[in-house]
Amino acid sequence: MFSLPLRDNARLRPLETWQAEEFAAHMDRAREHIRPWVGAGFITEDLAGARATLRRYAERQAADGARLHGIWLDGTLVGGVMFVNFDAAAGSCEIGCWLEPAAEGHGLVTEACRALLDWAFAARGLHRAQWNCRADNARSSAVAKRLGMTLEGVRRQSWPYGGTRHDTQTWAILAPEWSAHRGATGN
Amino acid sequence: MFSLPLRDNARLRPLETWQAEEFAAHMDRAREHIRPWVGAGFITEDLAGARATLRRYAERQAADGARLHGIWLDGTLVGGVMFVNFDAAAGSCEIGCWLEPAAEGHGLVTEACRALLDWAFAARGLHRAQWNCRADNARSSAVAKRLGMTLEGVRRQSWPYGGTRHDTQTWAILAPEWSAHRGATGN
Amino acid sequence: MFSLPLRDNARLRPLETWQAEEFAAHMDRAREHIRPWVGAGFITEDLAGARATLRRYAERQAADGARLHGIWLDGTLVGGVMFVNFDAAAGSCEIGCWLEPAAEGHGLVTEACRALLDWAFAARGLHRAQWNCRADNARSSAVAKRLGMTLEGVRRQSWPYGGTRHDTQTWAILAPEWSAHRGATGN
Amino acid sequence: MFSLPLRDNARLRPLETWQAEEFAAHMDRAREHIRPWVGAGFITEDLAGARATLRRYAERQAADGARLHGIWLDGTLVGGVMFVNFDAAAGSCEIGCWLEPAAEGHGLVTEACRALLDWAFAARGLHRAQWNCRADNARSSAVAKRLGMTLEGVRRQSWPYGGTRHDTQTWAILAPEWSAHRGATGN
Amino acid sequence: MFSLPLRDNARLRPLETWQAEEFAAHMDRAREHIRPWVGAGFITEDLAGARATLRRYAERQAADGARLHGIWLDGTLVGGVMFVNFDAAAGSCEIGCWLEPAAEGHGLVTEACRALLDWAFAARGLHRAQWNCRADNARSSAVAKRLGMTLEGVRRQSWPYGGTRHDTQTWAILAPEWSAHRGATGN
Amino acid sequence: MFSLPLRDNARLRPLETWQAEEFAAHMDRAREHIRPWVGAGFITEDLAGARATLRRYAERQAADGARLHGIWLDGTLVGGVMFVNFDAAAGSCEIGCWLEPAAEGHGLVTEACRALLDWAFAARGLHRAQWNCRADNARSSAVAKRLGMTLEGVRRQSWPYGGTRHDTQTWAILAPEWSAHRGATGN
């Protein structure tokens, strides 16, 4: 029922339980591409797994916690952005994203994250938004940079993947920084 | 984050758990006005009750069941429309509404119901949408009529309120009827 | 431990969790015969499904909701009657039934429904009892008529079965009507 | 809906969640009289407590476990008998009872226990039924004796009450013993 | 992190959820040997079953109920002792044990039970500890005797196994008896 | 039953549900002293709150998650150390601590953390242990340093307390670093 226009004929929408089949089909296109860069639990292998992800997010949203949003490009679900954590009492949240290969290079994730940050800071009054990514995930850290975030630290060998333990970067932006960034970039 | 424009500077939005304080304040304005016409469980007396309503709907939405949407007029929550039931497998749903006195007479509920029916029939492929109201609720049956619904029956003495048992009307519209109605009214 | 005599060497008893094997064997005899006329969830394919039905009813009964009773003819479970819904606060309930072919034509369902209505109206003080059936289910609407119920409406195309959407009749009887009916029929 | 005649104008019925007010009123009459002789959790002080007892038994019954039955004398709930435990897989159960003072001396408990034992051994095929009571509860051990049970042991100081630890007797009867006892007593 | 020395290079430790693989391997060595003498639910056939046992005990321990401890001999898990029940409010508990064949004859179970009894009586202030075993389990009743317990009764035909119903002995020791026994044996 | 000696007549033990009264009494002594430095949820005001903390940790421990240990000095519970998080699959954990004023200055927390790190790295095979504290908590960051941890970053304004948002330091140590540190310090 609801959607937000992004650029390039793309829209951001809530990604909900009833969209499990669409999400599972998208996961088939995205799986191997995103596997190294997202949390292990986000990779699912079939419809039941896709449905479980959507259900889990919906239940956390019902408790004002995590939230999941999809990005549709030309009517196809191509990825999304989420509040991995959302803690109104503490005034902080963590944002994440994923995208299938065909949709990269349009700035869709950055644009979608702007909508999440606007909502978190303006509508909900949060003070701090965080972004975690593997230290060797250049594409992801570039998004954090474009959003005006600051690199706050590197948790060493905290991301096990493929038999190795990778470092994890933590980026963050505070409410007044986001206001300034929005003003400066004109976005 | 998401909203849909209705007429008269009004917008339709998801009504969610985190909006409990706003919903409780609205309920204080609406309570005595809507008490005779809505289900007993929808009337709450305080913030905890308001939060419980929002949480219950959010949890049912997480299972692709009931859904709650608020209507904001000039930035104030004045009422809403909901899927009282939503059963994708059976292809049917039931729609309901409520409104505080100050917002009546603008056609907001009818307009909001149109958005719900569009979503139910077009986006979700449902076949049948139902509307129940007290038989003596002229305002509510007028909405059903304006939406193109047909009166299908009257459940006698099925609505206990204030020491009396009132009759309940059942109205409904089917998917092809909604298409025709939309075409005919130009809405 | 408990039972009620019906006519023709038949008895009505609570149908409980521990009777899952007996219920499953009966379902094997009844399945194809009742499939078009009962709710999709009531048709189960094996012992685990039969047990789940019994467990679900028992849990709802524990909350003073739905209740399931079996009909035994010459010691064999041949069908039953249930409170599909039971809402003491609202003063209303809904009754349903099912029967395997071999037990039809004895009036067992009508007689068993009388026991349910007596209990609902006299022991529990309810005001209204409802009966839903497919509009083309002549056998079922005849039971409603024999119980003195009134046809209150027809929900169009609300019963999907076998690729078609059938109409659903709603019948009901009120407490004073039941008293009058009982007096008039001498039953 | 269902009941079983006992002697002296008394009947045995399932004691269910919806009877909480009746059960609470009975508990007000029975409380101080039965407090020393029943499990601490069975004594409740108000309607909420009475309802919790009924709900707990109903939920255990839904899983084919414990069961609660009331005894009505001249239309008043005066006590009852229960399966404290019921384990069909192990073939064993434990029976208990309670009674308000006004109903003592009629043999109602003994008669009601006979119904439970018949059901446990004949209808359900159990092999062993047990009875626990405080060693100084002469009235209760007399019931066990009348039912043909054998004293199997005394668990020393296992029943804390009123600052003292009392001994607990364990009585039991096996399926063939019950058949013989039934035959011999002509009951 | 924590352990208690027993004799013969053996140690007693909490047996916890994370040790499921070790417990499953031990169960493979112990299964047929202990099957006739322990509760049916304690025998598991695979890793999932072993994990379920550990999880169930951990959850009951979280509610101050049952507790499970393992015995390690030369670094290998060879058996254990548990509080089958632990009821602080009633001041009583029940103790049980199991052991794989290779570890028998060292007095490990007796020694481990002493640690449990010390904790139950001294640290927790319980008054009574019970021990149940098949009447024909000479090894187990010998442990009860060595611990200074008294045989309190025999529940006839209460232990179904292998198509037969065996008798069950109940042994118990009270807090002052344990103090005296500890003093007399110098243990 | 189990404990580990620390220095100065102090011992480390599991801190469990049944110790709620002792924990509540300790919290009365510790509350105002630790309030600025621990998570808001850890501060409880009464026995029910203390019990809830212990129960929550016990349930997480049952799922191989968080764990709580108390430090007793001369027989009095004076503080403790915990695994705030424990994730065996990811090979990482987070450690935390608290202490009442009278027990400071003995190195008890540092010593207790060594036991936790030994267990996490040696017994459980984890790879990484983390420590979070307010950036202005000199006492806490000194513990992290003494344990050989490295400061990995500072999450700005992420710790709301008393109307201000404080920075949070993240320290961590990896398995091989802990081995080297243990060897170098001779502890």
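Note that the chains are named A, B, C, D, E and F in the order they appear, and that numbering of residues resets to 1 at the start of each chain.
Quick note on the criterion: contacts are C-beta pairs under 8 Å (C-beta built on N, C-alpha and C of every residue); 3 or more make two chains touch, one makes a residue touch a chain.
For clarity, every value in this text was computed on a predicted model and none was experimentally measured.
Enquirer: Can you tell me the least number of steps between subunit A and subunit E, where a step is a move to a chain it touches?
Expert: 2
Enquirer: Under the touch criterion given at the top, what is the topological distance in steps from subunit D to subunit F?
Expert: Each step joins two touching chains, and the minimum needed here is 2.
Enquirer: Under the over-half criterion for shared residue numbers, do copies subunit E and subunit F use the same patch or different patches to meet?
Expert: same
Enquirer: State, to the nearest whole Å, the distance from the C-alpha centre of subunit A to the C-alpha centre of subunit B.
Expert: Inter-chain centre distance comes to 32 Å.
Enquirer: If you average the CA atoms of subunit A and of subunit D, how far apart do the two points sit, in angstrom?
Expert: 60
Enquirer: Which parts of subunit A, given as residue numbers and ranges, touch two or more other chains?
Expert: Residues of subunit A touching two or more partner chains: there are none.
Enquirer: Taking touching chains as linked, do they make an open path (line), a single closed cycle (ring), a hub with spokes (star), an all-linked set (complete), or other?
Expert: ring
Enquirer: Name the ring's chains in order, please, starting from subunit A and stepping to subunit F first.
Expert: Counting round from subunit A, the next being subunit F, yields A, F, E, D, C, B.
Enquirer: Mind listing the subunit C positions that touch subunit D in their complex?
Expert: 1-4, 13-14, 16-18, 55, 58-59, 61-64, 69, 88, 115-116, 118-119, 123-124
Enquirer: Mind pulling up the subunit D residues that touch subunit E in the complex?
Expert: 90-92, 127-128, 130, 150, 152-158, 160, 165, 170, 172, 174
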